[in-house]
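In what comes next, chain A is part of two complexes: it sits with chain B in the first one and with chain C in the second one.
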Partner chain A sequence: MTKQLDLLDIQGNILRAYGRFGYPVARYVFLNVRNTAKGREFVGEITKKVTTSVEWGDGPGKIKQPDRTVNIAFTYQGLKDLGVPISSLVGFSPEFASGMKGRKDILGDDGPSSPEHWDPIWRGNRETREKDVHIFISLNALAGQGLDWLTVAEKNRDDAYAWLLDEINKTEGGVVLLDGHLGDDDANLNYQDVRVVLDNNGVPTPKEHFGYTDGISDPVFEGVPYDERRVKGRGKQMPGGTWAPLATGEFLLGHVDEAKEYPPAPEPILLSRNGTYMIYRKLHENVATFDRYLEEQGSKFPGGKALLAAKFVGRWPDTGVPLVKAPDAASNAKFGAQLLSLNAALNAAQKKGDKESVKSNEQAIDDILSDFTYDDDMSGAKCPFSSHIRRINPRASLEMMNEEGDKPGSFKVSKDAFDTPGALANRRRLLRRGLPYGEVKDRTRDDGNHGIVIMMVNADINRQFEFVQQQWVNYGNDFKAGNDKEIILGNHSMDDNFPSKAVIEADPDSDQPPYILSKIPRLVVTRGGDYFFIPSMTALRMIAQGVIDPT
Partner chain B sequence: MSNIAGKAYAMNVITPIRPYTTWVNKFIFWIAVKIPGTLKGLITLSLIHYARWVIIGKDQFPHLDPKQPKEELNYTYMMFFSNFNGSWDQYVDSFTFAIPGGLDLFWKWNIRYSKSVPLTPFHDYIRYNQIETIHYYNAYPLAASNDVKSAKTVKSSLIKFEQDTRNVSGDNFLKLYNALLRGLQHDMGDMYPTPIVSMSAHQVERRQKWHAANLPEGGAGPTGGTAPKEAHGHSAKKGK
Partner chain C sequence: MSSNISGNAYALTILSPIKDGFTQDEIAYADIVRDRLQGWNAEHNSPMALVPQTYLCRYFVLDDVYLESLPGGSAIDTLVDWLPFVPDTLRRWAWPKEDHLKSRYLVFSCNFHGGPKADLDGYLRGMWNAIGDRIKEIWGYCHGFDQVDNADKFIDYMKKCQLTATLFFVGSNDDPLEEQLKALYLKQEFAKFAIDNQGLDAATVKTNFQAFVDRVRPSELDGPTWKAGAYRVDELVELKKNKG
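Moving on, here comes the complex of A and B:
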């Protein structure tokens, strides 16, 4: 990688999924600006503590890893109320100005996901000036090394929160903390807490509440020094099954993107460069419905329940191994055993501080979990077209065709049809941040406080996030699936007249029929969110000083 | 005005060509039709119901009435006409991502053509030269071009299946039935209204009306949309 990003100018949550770097706990706080001058002063104070993307470690140009991270982002009204001039504001994208609520028809936030059922903070947002969400602040807390890892993390978080409250108080009402986040037993909280899911012994896991291993894939793009070795399966797929980092401009404004231009951005360039857009979405998981549906369908599905669970997502729940690599339980078990010993070796190497061994073990784990294409599964016999990861990042699989003479029900690569194999996916990629929230206390109930706060980062909300959500999650035409939706996230119809279904494809060379998943219930429900702008450090300082001026 | 009818979007773009380079474009069109493979990218995208490129000479524009003023044209024009699935952005983006070379080949000789990459000048070029659709009729508004292809496949497969199974045993019937399903596994998508493309007031109202008529209980239907206040998904009102 030759490109050098100005890591000191880019907020840390853009380049790092903190969860992966030892921060298992976080708190998200939302604020309303009541007084512009005090609001700007507040932004100035927070900016002093904002975590950048600079490298952690002892070498030159590196800093010690912080106990807690602070990051800040703004909604459109937030920027407006902080005094960003209208001539700059008009340069932001229309969907950012309109906000997530205004885009509900595009996003398919209907029925139980529609805004009138969102958490009070998101219901109140963009209704009255006093309830508008203006500022987002995230506090991520580093875990301790020993058995008290969680206590240490929670203390780090509480310290950070106490500091933040203090800063808010100093504004004397110029900036107000918004409540209305629903917690356990519908408690009305001033913040949204998130934390990794713990197993029965209180040990942290990489799982989300349905039980899948999460947090594996994340796009790799040019200029991120700590991602250089992670490009296989995470960058863009090139001819011959090789990988290259995506263009920086897919994720950061002011940099050239995959269309060889600068993504649309507000002026002046100092306001937008090294900044980007973030989509915050609180998603409730209907765990009881999920279990019941999986049980019911799993008893009929020829491959059994465990395989069916893997088919929903495209990865095995227990190991995270992709279906295209491990299409059956036996191969999953084999990879699972390999992962177990690689992880043990990795832990030992980390304890010993053996950097080379850490690297090689990480690489070997990555090769199993991430380095794959759909080229040998063009018909979906292993990983269904409607599974979560295939719909959300189809890699090169949309370059497909079935010609006269090919087996019915099969697809093959439509070689060289497109300029580059991943043409249809490369400009739809999303960085994923965030963690699960709440705990599942009773798996036989859907209600309760549990789900995922997902934060997607991209340079163009409409082209990337909204397109994926609308065209690939809630619609299936690009996957030759008509209106069939993605299985996990789809806004499945609640109406008996329009039941949702999906096809689990069979191998065209076998004598099996495909399996039809019928009457898919709504598994994931939106509980709120909005679109934010994450400015660079430069832009933060300029917003604080009130010197944004495109003239 | 609407460029959209159901799942289809009508795009008309008219761009000028210097009369003395017109033959180049005609030649390229001829090649595209003759040599299979030139259009492989387009066919793989599978978003187009019908598209056509036509060269219109400067004297060939319709003159319908003697009273119609005669225009003075200096150029020959290329008319591009396409009926595609998705929104304007989605379509133009898919094209520039997937087959920038193909687009350049067809438009290269057009005046002030910007090339398809980078994207924004190309967007501007198309927008500037696009003629909005005033009236657009679509006989099958629920069908994307893939749905039409699938429907044809399903129909011919079913007819063949019916013929093949008239006299077969139960076991064989099952085998053939499984083969039928397997062969159609990528042709069984549901056909419901389009994902929402237009946020114009007229289109929003139409959607609300559709919901009122088709989803009397207020549940969230296939396209979603606004559910009445009392609808909580598993609505208690469901029972008749």
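Moving on, here comes the complex of A and C:
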């Protein structure tokens, strides 16, 4: 029998990227616990409404899709102030205890990304007891079906928020809503709103503010019933070009991971099992700098601006098609046309309620966007080593070698050194949740309220998120790229003497030289965040009742 | 060829016993040695950066090495365990034996360019001449070092403390240090040249390349290059300025 997860015990935001399930709008709220008893009571009330991972739809074991989702997570101090015993607290990971601010050197949050420039809520966090962020609550809102989709979504969100405020008020000061999120014109808000980016006609898009399609290749792991068909390109690469779901323990505590071990987790097992860690990061996007840099380099890059924009990320901005499949504009146009007709067929099938046709069209779209490897692009001629998708999820591409006699800059798969193609990548995967925030009102300016709130989920913050951030985003040695950083997210040095650079590789068999991106500016700036623990439903009820006992 | 030599690279391992005593402040000599070594971290550069031909090195104080014999697993031991009338002293006799170091040691592990003749004497002489006072600061508490007051005695002393161990650091070839520093300098400068010249026509690149070669002087080791031991960004900036 294949592995089945206890969906009723796992919070819904772990297994679902709500945005993909029809929730284009969300509000994130952060709270400070002033009174342990009242705090627990509050957690108990919220828990009654928390959205689980149970399947949506008709039929046995399924529920109707909710108008709004509610999820809750805690920082280390939050758990402590809710009375989780010290003998349990010591079982959480040291980086979770220390928090994102304390890990700034590992994460490369320096210069404009350093904590003194973060939003006030994150500046105040972990400085004084009263300003500490203890509880995170996310409210995602379902969109309407018609033209008023956004109004419906916003009403769902406002209803959810009104309910939450009411619950906070009932604690009579035992739980306090924290402000300090910067909104439009630096307004000080007591929530962080996020929403999909709209195009000029107000139609929702899957894009972030630079214009790239986001969140395509989210990992797929064992035991998630609604992801079974999405494993190609999202699970782990296996010998012979097949794919398998990743081990559950890479993303959920209390389950066996890729090393056939249980990830380190606090006692008792009921506190940690089916729970996991979440990294919340608010990232501001310097759109004007991005546009200017792309323009400037695009005028020099032999392939032109559109191809260079694709090289930054590894996917074409207009279609999302990966460069390894469509290395030039002509092949991108071909895939683009295919995607258009597939999407049209998908829409028609959805309207008709033809489930089989929906499935097959979704599968065909998925195959174009996700089902690829770097096996035929080991030298990076199509998808550069420092592009976003190759750095975040290198698949099997790190098993690279250059033997004596090979052309300089030419790499091939190292066949015998590893027992599986994903040996170097399978333990560094991250579930990515979250949505863009704000609107770009003036593309000629960097400032303003626009960026992305990214929430990453993993079983081991240090081994997964921090490793990727430190070694693959802000350093390039694993990719044989020296100290080149990932182009979009890297904490590029703006030092005149040691500016950031990255190489756009050329085919070693051609007479083309590689193109070197020089003086890469900081395109993305950290505005705050912290590390959270997302407990299981069982653990939530135990935290609320104050009955956690590791002895 | 000795196992601590690889091509022109030499792996030197020194273990010097530290005297078992303490100061008036009740600080053990070994702890003073460790404190002083840790103090080197606070200096702008390690004194070892001044020692010619040093690739990489490491100092530490070895407090103890604890060895244990295999536990008794023979038929007799097992029998002894089972029999109720065997006296406790006999049982203890069958327990594993412990072995410890007789003193604490200063360990100096170093890779340097020894050349085709594996010139240890030359390297140690260079070390004494460059940082003799700093050496005395560290080795001064070691047994027998009070007699060392010149380069020859230092060489003799170090050879007595030498262990033939194959401790090679990864990250360096066996070229002379000056060659390696010049190569790193050229690599970095050439990357900048490539950035500045990409997309230009061949004739311009050729002219610029000539100017580049004239500036970086690839064949001159004492021309523009990196300074040994310089690893801080501000130092490299300083070097750039000096090169004009």
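One rule holds in what follows: the second predicted complex is superposed on the first by the 550 of 551 C-alpha atoms of A that agree within 3 Å, B and C clash if a C-alpha of one lies under 4 Å from a C-alpha of the other, contacts with A are read in each partner's own complex, and residues count from 1 in each chain.
The rule we apply is simple: a contact is a pair of C-beta atoms (placed from the backbone, for glycine too) under 8 Å apart; a residue touches a chain by one contact, two chains touch by 3 or more.
All values derive from a computational prediction rather than experimental measurement.
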item	value
Fit or clash between chain C and chain B when superposed on chain A	clash
First, second, both or neither for A:109, with chain B first and chain C second	first
Which superposed partner A:497 touches (first chain B, second chain C, both, neither)	both
Which of chain B and chain C A:138 touches, first, second, both or neither	neither
Touched partner set for A:464, first chain B, second chain C, both or neither	neither
Partner chain(s) touched by A:370 [first = chain B, second = chain C, both, neither]	neither
Touched partner set for A:300, first chain B, second chain C, both or neither	second
Broader residue contact with chain A after superposition on the shared chain, chain B or chain C	B
Partner chain(s) touched by A:518 [first = chain B, second = chain C, both, neither]	second
Chain B versus chain C as contact partner of A:264, first or second or both or neither	first
Listed stretches 24-32, 96-104, 114-122 or 132-140 of chain B, narrowed to the one that overlaps chain C	132-140
Shared chain A surface residues [contacts with chain B and with chain C]	495, 497-498, 501, 513, 516
Chain A partner contacts - residues on chain B that touch it in the complex	40-41, 43-44, 85-86, 89-90, 93-94, 96-101, 117-120, 144, 146-147, 150, 157, 175, 177-179, 181-192, 195-196, 199, 204, 207, 214-215, 217, 219-227, 229, 231-235, 238
Contact footprint of chain C on chain A as seen in their complex	300, 302, 495, 497-498, 501, 513, 515-516, 518
Chain A partner contacts - residues on chain C that touch it in the complex	191, 194-195, 198-199, 233, 236-237, 240
Interface residues, chain A side, partner chain B - complex	104-106, 108-114, 116-117, 258-261, 264, 379-380, 385, 399-402, 407-409, 411, 414, 416-419, 423-424, 426-427, 462-463, 467, 470-471, 474-477, 480-484, 491, 493-498, 500-501, 503, 505-506, 508, 510-514, 516, 522, 525
